[in-house]
Amino acid sequence: MSPTPFARSGGRAPDQLRPIRITRHYTMHAEGAVLIEFGNTRVLCTASVEEKVPPHKRGSGEGWVTAEYGMLPRATHTRSDREAARGKQSGRTQEIQRLIGRSLRAVFDLRLLGERTIQIDCDVIQADGGTRTAAITGAWVAAQDAVATLLAAGKIAASPITGAVAAVSVGIVQCQPLLDLEYVEDVACDTDMNVVMTMDQAGVGHYVEVQGTAEGAAFSRSEMDQLLTLAEKGIAELVLLQQKSLRN
Amino acid sequence: MSPTPFARSGGRAPDQLRPIRITRHYTMHAEGAVLIEFGNTRVLCTASVEEKVPPHKRGSGEGWVTAEYGMLPRATHTRSDREAARGKQSGRTQEIQRLIGRSLRAVFDLRLLGERTIQIDCDVIQADGGTRTAAITGAWVAAQDAVATLLAAGKIAASPITGAVAAVSVGIVQCQPLLDLEYVEDVACDTDMNVVMTMDQAGVGHYVEVQGTAEGAAFSRSEMDQLLTLAEKGIAELVLLQQKSLRN
Amino acid sequence: MSPTPFARSGGRAPDQLRPIRITRHYTMHAEGAVLIEFGNTRVLCTASVEEKVPPHKRGSGEGWVTAEYGMLPRATHTRSDREAARGKQSGRTQEIQRLIGRSLRAVFDLRLLGERTIQIDCDVIQADGGTRTAAITGAWVAAQDAVATLLAAGKIAASPITGAVAAVSVGIVQCQPLLDLEYVEDVACDTDMNVVMTMDQAGVGHYVEVQGTAEGAAFSRSEMDQLLTLAEKGIAELVLLQQKSLRN
Amino acid sequence: MSPTPFARSGGRAPDQLRPIRITRHYTMHAEGAVLIEFGNTRVLCTASVEEKVPPHKRGSGEGWVTAEYGMLPRATHTRSDREAARGKQSGRTQEIQRLIGRSLRAVFDLRLLGERTIQIDCDVIQADGGTRTAAITGAWVAAQDAVATLLAAGKIAASPITGAVAAVSVGIVQCQPLLDLEYVEDVACDTDMNVVMTMDQAGVGHYVEVQGTAEGAAFSRSEMDQLLTLAEKGIAELVLLQQKSLRN
Amino acid sequence: MSPTPFARSGGRAPDQLRPIRITRHYTMHAEGAVLIEFGNTRVLCTASVEEKVPPHKRGSGEGWVTAEYGMLPRATHTRSDREAARGKQSGRTQEIQRLIGRSLRAVFDLRLLGERTIQIDCDVIQADGGTRTAAITGAWVAAQDAVATLLAAGKIAASPITGAVAAVSVGIVQCQPLLDLEYVEDVACDTDMNVVMTMDQAGVGHYVEVQGTAEGAAFSRSEMDQLLTLAEKGIAELVLLQQKSLRN
Amino acid sequence: MSPTPFARSGGRAPDQLRPIRITRHYTMHAEGAVLIEFGNTRVLCTASVEEKVPPHKRGSGEGWVTAEYGMLPRATHTRSDREAARGKQSGRTQEIQRLIGRSLRAVFDLRLLGERTIQIDCDVIQADGGTRTAAITGAWVAAQDAVATLLAAGKIAASPITGAVAAVSVGIVQCQPLLDLEYVEDVACDTDMNVVMTMDQAGVGHYVEVQGTAEGAAFSRSEMDQLLTLAEKGIAELVLLQQKSLRN
C-alpha cells in the first residue's frame, strides 16, 4: 500500500536494532548495575540481593525475583509528574514492573536461588521508546552479575539462571513492520507489540510474553506473523550482545 | 506427548466455550446493564453515559470510552481484601481496566460519540477464570444499549460503534491447547493468553489485543499458532451470541 | 395538616413493607451468600469464615464479627465514584459498615464462636433506599449459613447466634409516618430513622441501634413514638421472613 | 433490679450534669473560639468564617456550615495515634464530625448566611466521655460569636441562627439511667445514647439526632423512654448555660 | 543604616524574650503535660511513656525519644487545612517534628532510659511565631516530668536526661537583630534563625541545631555572629525558666 | 585532643574538596541537564521550563523556582524503598527538596523570569555523602542552561539569575573539622553542617542557609566558627568550578 517505505532516523533498516550499548558496573553499590542503551533510550538496571523473601515464599526453601520500574521526571520530552510526589505509581508503571518481574522469573530456578530475593530496579534516565524492552534486556545482565556475587561468596552452589531472556518492541508504521521502535515511530504506529523471549544455545527462541496492542486499526493474522518473525530476529541479536557484555 | 487428554469439567471439548449467558437490563439505573456469564464466572457490566469528557478531550469535539474493574471480596474462593478499604487498586486491577478500555475504544469512532463519556464498570460477582474476557464481551453489549439510548434521545445521529469486539482466554494445559479456561485450568496451565478481536460481518477477525504469558515453560511459535486459531474460533462464537442477545 | 396522605408507589400502605425477597446461596464460594431485596433495593450479603481474629482478640479465646459495605458505582441513579479508585471509603460508607458490624455482634456470643472471624460483606447491586437496613437483615441470614457450615464441620459445638436481628427505616413524609422508605420517600422526608432490633421467640423486640436524624424540621417526642412503633411492626415481619428463608 | 444504685464520682446524682464551663474567646484568631468543659472533658470549638462555599452550594445564594473533629494524641488515657501521621481519619472521627455538622445546620437558615461557610473545628484537649456532645454544645456558642462578627461587619443583615441546639449523652449503667456519662460510666454502660435537640424559647425541645446503641444487652422501649426524658432535662439546662455565656 | 530601630509590640527591647509562661500538669492523662507560652504562642507539649521501642532499637537495651508536631486548624490567622483530613503531613510539619526529636535526644542517654519510648507531642493551640522553639523548650520540661514518673515507679534507677536543652528564634528585621520573633516580625525579617542549645550548670552553651535561612537578602558572617550571640542570651534565660518551673 | 588526624580516603586534606565534575547536557530533553559529581556522589540535576506558575503566583507577573529530590533505590549501600512504591516521600526527602528550592530562589529575581516556572529535579544516581550540597551546586548550573534557552528564544530580555549559589557540607570528625564529607565521614562525625552561600564577583560570600546538627556531642561556638570558615573556602572553589563549566 505504501510505495515509499517509512524513513527511519539514521537510515536504519526496518529490521535493524538501534545501536545497543551495555555498560556493567555503572554504579558501585549494587550487586549488579547495568546501564543499557537502545539508541537514545537509557535505562539503569540494578540487581540487589536481599537475604529475605516475601511472605508467600517464607519457609518454602525458594527465592524470589521481583522488579520495580521508574522514570526520572525529565526522562521524557515534557516533564512528567514524579510518582513519589503524587503518592502513587501509575497503572502503566505497575504493568511494566510486573512484566519485568515475570520475564526474569521465567529464566530462574527459584529453588537454586535459596530463600533470598533478587530485587531488580529499572530506572529510565532518558526515554526514546522501548524503555520496557531495554529494561528487561539490561535486567538480565544485572541479574547475572548479582548471581555471580552469590556464587563467588559461596552462598549458592549453582547458578539459578536457566537461560537467556531479552525483549524487543515491534510495530507496524504506515503498513511497514519495524523492529525496535523509537519514540516517533511508537507514536505513529498502528500496532505495537512487545515480545519477550528466551533463547537457548541452539538459537531457538520461546515466548515468555507477547503483548500486542492495536493503537489504530486492528491487525490481521498475517501482520501478527510478520511481527513475531521480526521480534525473534531482534531478540537473537540482543542475546548475543548480552553474552558479549558478560565476557568483558 | 500426553496420550490421555486433560479432562475438562462437564465433559467439555478442548475447543468448546463454557455455557455463555448474556442478560440485558440486569439493573435499572444504568443506560446499559448486562450480566454476562461464562460458566460460573459472572460479571456485571454497566455502561453509563456522562455528559463530560476527561481533560485531554475537552474542546476536541470527540468523546471518550473508559472502564473500571472490580471484584467483590468474596467473588473468589478465599476472600480477597476490599480495594476500597485498602485504599488502592492492585496492579492487576489496573491492568485489566486499562485493557477493557482500550478494547472498547478499538471499535468506537469517538467523533461520532460527541463530547461525552461512556463509562464502563465491570464488577465480578463470582469468579471462575476468564473474568477479563467476560468483562470485555459483556461491556460491548452494555455499550450498545447505552448508545441506543443516545440515539433514541436524538443526542447522536449515528452509532459510534464501528464493529463487534469480544475476548476469550486460551491456554495450554498438559500440552493440550484449551479454549476459555476456567479457574482450575488457569492454575494448571503453562501458557495463558487473552485475545481480544474485532469481527466483521464476513466473519473475518482482527486482533485488538494479544496478551500471552508463559506461566511455566516458555512456549513455541507453533504453540502460539494453535492458540491464536483456537481463540479466533471462540471469539467468532461469542460475537454471534452478542448479536443474538441484542435481538431479544 | 395534610388532608391527602402521601401516595406511595404501587399503592403501598404507610405501614407496609416493600416486597421482600431473600435468596440464599446466591454465589458459590462464600460460606453464606444471600441476595436480599427490599423492593428495588438489592444487596448481596456474604459471610466468610476466617480462621484468625484481629489483634485485639488474639489469645482471648473469643471470635469476632465485622462487616464491610460497598456500592457498585452504577447501583445509583447517577454514577458515583468507585471508592477503590478514589483511594478511600467515604464517611457514609464507614458509618454504615460500623453499624452493620455492631448490629450483628449484638446477637453473637463471641466465646462460642472460638478464635475465628465472620467477615460480612454487603455490596449494593441496586439502590432504591434502605440499603443499610436491607444489608443488616440479609447479613443475619448469611451469618446463619456460615455458622451452619461451622457446626456441620464440627468446628463449633453450639451456635454462637443468640437471637434474630433485623433492621428497617422509618420516616415522616408530609406529616405521615411511613415504614421502609424507598429512595423518593427518603429524599422527601423530614425525619429519617433507622432502627435495628432483636426479636425474641415471644415476639418481644429490643433495640440494638436507633439512629434518627431530622433532615428538615426537628421532630417531637410524639413523632418519635409513632416512628418507633412503626419500626417494631416492620422488624417483626422481617424476622418472620428471615426464619422462613432459613427453613427452605 | 439493682438495690444499690451506681455511685457516680463526686456524689453526682443520676440526672445531674457534670460541672459545665464555657469560656469564650479562648484563642485570638478565630471568629468564634470557645473552650467547653463537661467535667474533665475539654473541647476547643472554633468557628471560622470563610468567604467561599463548597461546590454543591456555588451560585445557590446559600451558605454552608460544616465541622471537623480531632483529638490530641494524649487527650486520652493511653496515647492514640495521630491521625495526620497515619494519613487518614478513623471511621469514628468521620462519624462524629458529620454529626456535628448536621446538628449545627439544623438551626441555620443557610439563605440568611449568604454564600459563605462557617467552618467549625472541634479539638479535644482532654477526654473523659461525652466529647461529641460537648463539641456540639460548644460549637453552637462559637457559631454565635462568628455570626456576631458578620453582623457587626454589616456582611449579613439578620442572624441565620434560628434557635439553640445542644447535646448530651445518656446511658444505662447497672440498670440505672444516667445523664452525661463520664468515661468510666461509658465503658460500663449497657446502652449509650447521644441526643441532640433544639430548644425553643418556651422550653419545648425537638430532636435533631438520636443515636442509641446497645453496648451490652439490647434495650427495651421503656428504657428508651426513660433515656429520652433524661436527655431532654439535660439539654434544657445546657441551653440555659449557653445563653448565659453569651450574655457575659 | 536604619536610624529608627524597628518598634516591637509592647515596647519590647531587641534582645528581650516575650513573656514566657510554663504550666505543668496542664492535662491529666499524660506523664508530662506542659503548656508553654512565648507571648501569644501557646503550645501543649505532652510526654508519653510507652513500654516499647521502634524496630531499629529492639533488643538493643536502649530506649528512644521521638516527637510529633501539629497545629490546630485555627491556631493561625486564617484557617489552615487539617492535616488529618488532607491525609498527609506537610513538609514543614515533618521538618519540625524531626527537629524536636533530634533536639531532645541530644540530652538523653538512651541506655539509661531502657527499652521504652518517650513520645513527645507538641500541638500548637495558638500561633504567633516561634512555635517550634516553644515546642522544644516545653517538651524538655514535659520529658522531665515523664522521667520523674519512671523514677518514682522504680522503673529506672537514674535519670537519662543529661542536661538542659532549649530553643529560640532570632532574626534580622530592618537591619536590626531581634530575639524571639513574633509573627509580624517573622514575616518582615530578612534572616530567620532557629537555635537549639544545651546549657551546662556553669551557663556554658553548646549548639544542638542551628538553622538559619535568608528570607530576603543573604546574610553576612558578621550578622550571623550577632544572631548567635543573641540566641545564646535568650536560651540561657529560657533554661533558667525551665528550672524554675520544675521547682514549683 | 586527637594527635593523629583523621585519615581521609585518597589522602585528602581536611580542607580539600573531593574531585568535582560537572557534565552539562547529560540528557537530551531537559532545558538544563547537569550531572554533578562530588567524588563518588553523582546527582543528575535537570531544569525544566514550564509556562505556568503555581496558584500563589498566578496573575502576579512573577515566576517561580521549585525543586524535587529523589534517590534511586540502589544509589545507597543497602537498597532503600522506592518512595513511589511506598506512596509517600520521606520527611528527609521533603526537607532536602525544600532546601534546594529555597537556595535557588535566593539568587532569582522572579519578576525577570515572568510567569513561568523553573522546575528543578535532583535525582541521586549514586550516593556517597553530600547529595544535597551536590544537588544545589549542580542545580544552579542546570538553571543557567534553562535560562539561556529562554534568553535565546527571546522569551525573557534579561537573566533573572542575580548571582552564584553553591553548597557544601562540613563536619567535625574526631575533633578535626573537615570539608565536604563523604559517607564514612558523615557517619563518624559529631557535628554535620550544610552551608549554602552566594558569592559575588569580589569573592565575598553571604549565607543563604546554614543547617548545623550535633550528631553526637553538642558543639561550641569556636567549633562553629571553624566550620563556617571551612565552608566558605569550599564554596568559593565550587563557584569557580560552576563558572568554568559554563564557559565550556
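Order of writing sets the chain letters: A, B, C, D, E and F. Residues in each chain are counted from 1.
Assume a residue touches a chain if its C-beta (ideal position, glycine included) is under 8 Å from a C-beta of that chain, and two chains touch if they have at least 3 such contacts.
Given the structure is predicted, the values throughout are model-derived calculations rather than measurements.
*Asks:* Which neighbours do chain C and chain D have in common?
*Replies:* none
*Asks:* Count how many hops through touching chains it takes, at the least, to reach chain D starting from chain B.
*Replies:* Contact-graph shortest path, chain B to chain D, evaluates to 2.
*Asks:* With centres defined as the mean of C-alpha atoms, identify the chain lying farthest from chain D.
*Replies:* Most distant chain from chain D: A.
*Asks:* List the centre-to-centre spacing of chain B and chain F in whole Å, with centres computed as mean CA coordinates.
*Replies:* 52
*Asks:* Could you put a whole-Å number on the gap between the CA centroids of chain B and chain C?
*Replies:* Comparing mean C-alpha positions, chain C is 34 Å from chain B.
*Asks:* Rounded to a whole Å, what is the gap between the Cα centroids of chain A and chain B?
*Replies:* 28
*Asks:* Would you give the residues of chain F that are in contact with at least 2 other chains, written as numbers and ranges?
*Replies:* Chain F, residues with two or more chain partners: 87-88.
*Asks:* If we trace the ring from chain C over to chain D and keep going, which chains do we hit, in order?
*Replies:* If we begin at chain C and move next to chain D, the sequence is C, D, E, F, A, B.
*Asks:* Show me the residue ranges of chain F that touch chain E in the complex, using the header's touch definition.
*Replies:* Interface residues on chain F, with respect to chain E: 88, 91-92, 94-95, 97-98, 102, 106, 193, 197-198, 206-214, 217-221, 224, 228, 232.
*Asks:* So in the complex, the part of chain A that touches chain F is made up of which residues?
*Replies:* It comes out as residues 27-30, 33, 40, 42, 44, 46, 48, 50, 68, 70, 72-77, 79, 82-85, 87-89, 93, 119, 121, 123, 125-127.
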